[in-house]
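First the structure, then my questions, so here it is.
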């Protein structure tokens, strides 16, 4: 038993993600069952700075595991090491991290559990460097962290995207259309890849594999020849054509119907209709629907495991580490070693090969 | 028993709609159980013109009730009374309805069940005028037909829209954002109204009630003052501001980020962020997701009742009628009396009053 | 404006039902927007007797529409006109309704909205007879009330039952089995009838139509002959065989596997396996899953309309009435006229005829 | 390229499991894309024996990934090495495996992909011993195979069970009841463990940890004391009390209500109501609902990976192996090494410890 820790502060940062409340609940209950007090800072680092928090009692964290979002609220941008303040009417950036440390002392908070993405974990590392006892919990709906196999929220997101692809199938088939679904993934195509395979997409476009629109046309035509008069395309928002020739502004000028603009999906629909005018092409941008709603069974379990492990690491005095999942083993990695280590889709990896084996094209 | 009918042709027209297969299945099974042969024309009227059909045996219509779309395929635009043909290299419109009648005679098809929207039912009426034995089945996902209380597909659509609103709530609340969801409804706001009430929207914008953006701002601020730091807006695609001042093209010019353009939801997000820059506003366009997927329990039953009733009307020699639902009673109305009789949301009706009673604003 | 009402008490009685919270929320918000205070008594009539309540502020009823169950809790059995109390160590029944009336006076509660089933509405009528200003809101998941067309909760229940039937199809088909699903409905077969039609059942058994097991065997065999090697049976818990010959206790004696006992579904499975031993038969009892979970879109809207209408009736001084839905019109009926008027499935009604038309058998 | 394989036979054995069609589709498409013919034997080994098969063309395996069950049908019991045949009117067991081998030769089938559980894979091993080129694909909804980390179907099953637990919560809370859900798991408690954690159960009972009913009572009382007036219990069908004292047949004798009998859940409800008569206890047996329905996103991907890998192993001439997933790596293990190696829940493992950390009791 680690007697250094009598009170823990928890905070959630960055875009919301199904499973956050499972982490909060599991960490709080584990701590409380060990006789450790827990509080939750509101709006991530901002709450730490403003000392804005609420006690996380058993009652407070009861009945929250199945809720989407985060009961602690979140903020996307607050970096206490470069915090935007107004001085003499001018916005300037200041290091206010010492205020946070003072707040912790004032409230008797001995350690922090910080749940967040790359940027937030960088701050966590910086707090660790200042001597704060901190444990990081990775949060990225894109599942693009190198040091952990899976992050919570991802499974829920691909469920939503796959369900959307299932739905688009019925219309595509009834009307013999090309249906495009744009999903999240600016840098990493994991959501498009997973949901595309599970949603029986014919084409998957991801940032890691620049696409040639003519290869997509080939696929559509090849399907057409064997009687499949519709096609489904899953495209990550960050997917890029091999040539950057047709720009969005170009479309705006040309288009008689600017209302359909927006997103790589719309651009692709526009371009495809020019190349294969005999087909109707329709685009849907899934957007925020991917983040919301109740976490999946998988993500609730994963969030719970992350939350429990975070407290265990504190109990073991493994300060400055981030919780990870390797295979099916909960583990940890030092915050110094994780920043910027993103996990992209390997164009030659097993999952892309699997997709290609069953006939999915990546437009390359 | 009506001995005039030995073979029935069924066809589905217009945008696909959950429940079409329930109608096809119920009509086919009812007819087959009466010893009447059934065939399905493909792609709506086009199949009737090209004599492109398949037999609808018990085997063929088995296991289809739960499928979205239509196993007979559909086409949005073919009007056999003004059919687009190419003569001497020039596109011209010709009345080819007689070809359809000849095809029916050739195949021994004694009667038609035509499932479609306003345009397709107008053609059904015109075939009835030519002496063809025809029964219409109304199909509009927007539920905007005056002579029937509910059309299948609508319940499924509001389920999808309501689920999306549920999802947006979690992100809105976690980040204290204004979230806008654009749903179907060019002329009638039924989907926005129903899904908005069920999805706990704070603002509902529909074509029948032009909105004043400043009233929306008021609502957001009023909520803010009593501690509700997020708001949810459900907007029908056909909703219009009371003044038409800010046009889409204007946005394109002004916007540094044209990728977010498209749809009234995006326009509204753009305008709101100008008026209340301290709030983040995000827009989602639900689009085709509303049409797809397995029909709801309600729509399967409704489609089944419509399909059975269509055959019953044929058996009763009530040719030229359309099936209707009034209260909970299956009935019918002559095709001559239904064209163009749309059902809009009554701004003073019970449902709008109900919404206002619980604090929802319509921006007026 | 009715100035007699300054404070309203709301209570929910009987088995929980999806949509209760929509009623509570809508009634509270409507009242609060009219400047009327609202409180919620806990555990139905018991709370009224014990003066156990909580204020229903806007904050309290916010974010509850989508929740299953009731935030006010419910109790199945408390009748204040025959309340079980212990006197001199003996359980006796006493009329304690005057205590409730005194509690209302003490708290300044001018009127009650009572949401409940047959028994609870009988008490509501008795309070009305005592001069209490009361409005009833009908609650029956079985949809078996004569004076209103639809009650909230029913649509959610048939959704769950239909989803279960969809699931059973895949196993039935893969293994060529007879799958039986037992759903709610002791006296009225509405849930079995609706979910059976929507869930593509081959046989529907309801209390209103006593079944002959040999007719079920005929149906299974008829399907078998045309290549459908599985069958799906939806049975209401109150369905009864035309002869009562095989009793449950008989099964217990005979059965080598008593673990499979319980429910009409298990009895039917047992009997069918004796009659058609070449088929595997499996039974599932849906039970409590039908009551739980988030209310459907339809039920949220219906609950909201009921809640708003209840307050409108109070404002119109129509005390002693129950809210009803007739066709698509919200209306009301005096509590004196509703007790014991149940709505059973009409064996010759349109819905049963529709089911028969598409080949469903009722075992008669 | 392996030129030994020109035609592959695929078969599915044992209880159906969401994801089987994903395996069939992926294996067929991969083979067909390599120019290899594929056929599917019907009803598992029985089809191999009776030479009952259908060609698996691209058309045939199109649009099946999202379907539950198996398009090839399955049979639970046929073992060709001890096949039940009738000789001289007497049932005897014979080794008919040679007939199967002859059938393969006759049809030019060079290799088999056998998807099944422990028993079916034992037969697969025996065919391998006879020199048949065979690849096994593990199928167990219970996820209880030692040599692979996850099997498809498991994720879908825990989704259904977790959803049921979510639903039971609303009723439990509204009525202050003890709700028990019985899930699959005769020998291994994985489904109860995973769904119990994700479904916020208070008590999880699994075969690996015999339970003391008095510990459950303690937990219920402890919750009651801090104001949680309901409790949720997830119990695997194979969970056993530490003493076997109260037998099912005992209940039958005692019970005035034998209709509620059946299953460990009912027994537990019966026993708990005796011990804590002030609480209402209700049991639900999930049963076949866990197997049915569309596979989850996760299971579709997993099934696809298994299917592709099975063909890759054939191409690599790794005959006699079974596909496995280790961590996130697709691999294989020889069929000689997998039989009878079950994976039970480790009572001291990380997942049980995690559950205990957040306050879940296992009744020990």
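Labels for the chains are A, B, C and D, by order of writing; each one numbers its residues from 1.
In this text, contacts are C-beta pairs under 8 Å (C-beta built on N, C-alpha and C of every residue); 3 or more make two chains touch, one makes a residue touch a chain.
The structure presented is a predicted model; accordingly, all values stated were derived computationally and were not measured.
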Exercise for review: Can you give the shortest number of steps from chain A to chain C, where adjacent chains in the path must touch?
Suggested key: 2
**Study point:** Third chains touching both chain B and chain A
**Key:** none
Study note, to complete from the structure: Cα centre of chain C to Cα centre of chain D, whole Å, reads 34
Review point. Measuring from the mean C-alpha position of chain B to the mean C-alpha position of chain C, what distance in angstrom results?
Key: 31
Check your understanding: Per the centroid of Cα atoms for each chain, what is the distance between chain B and chain D, given in Å?
Key -> 41
Check your understanding: Which residue numbers or ranges of chain D touch two or more of the other chains?
Key -> 166, 169
Exercise for review: Going by the contact rule at the top, pick out the chain A residues touching chain D in the complex.
Suggested key: 25-26, 29-30, 33, 58-59, 62-63, 65-66, 149, 155, 158-159, 162, 166, 169, 194-195, 197-200, 226-228, 294, 296-298, 300-301, 304-305, 307-309, 311-312, 326-330, 350-351, 353-354, 357-359
Practice item. State the interface residues of chain A toward chain B in the complex, per the touch definition above. Key: 15-16, 18, 20, 67-70, 73-76, 160, 163-164, 166-171, 173-176, 179, 248-249, 252, 258-263, 266, 282, 284-285, 287-289, 291-293
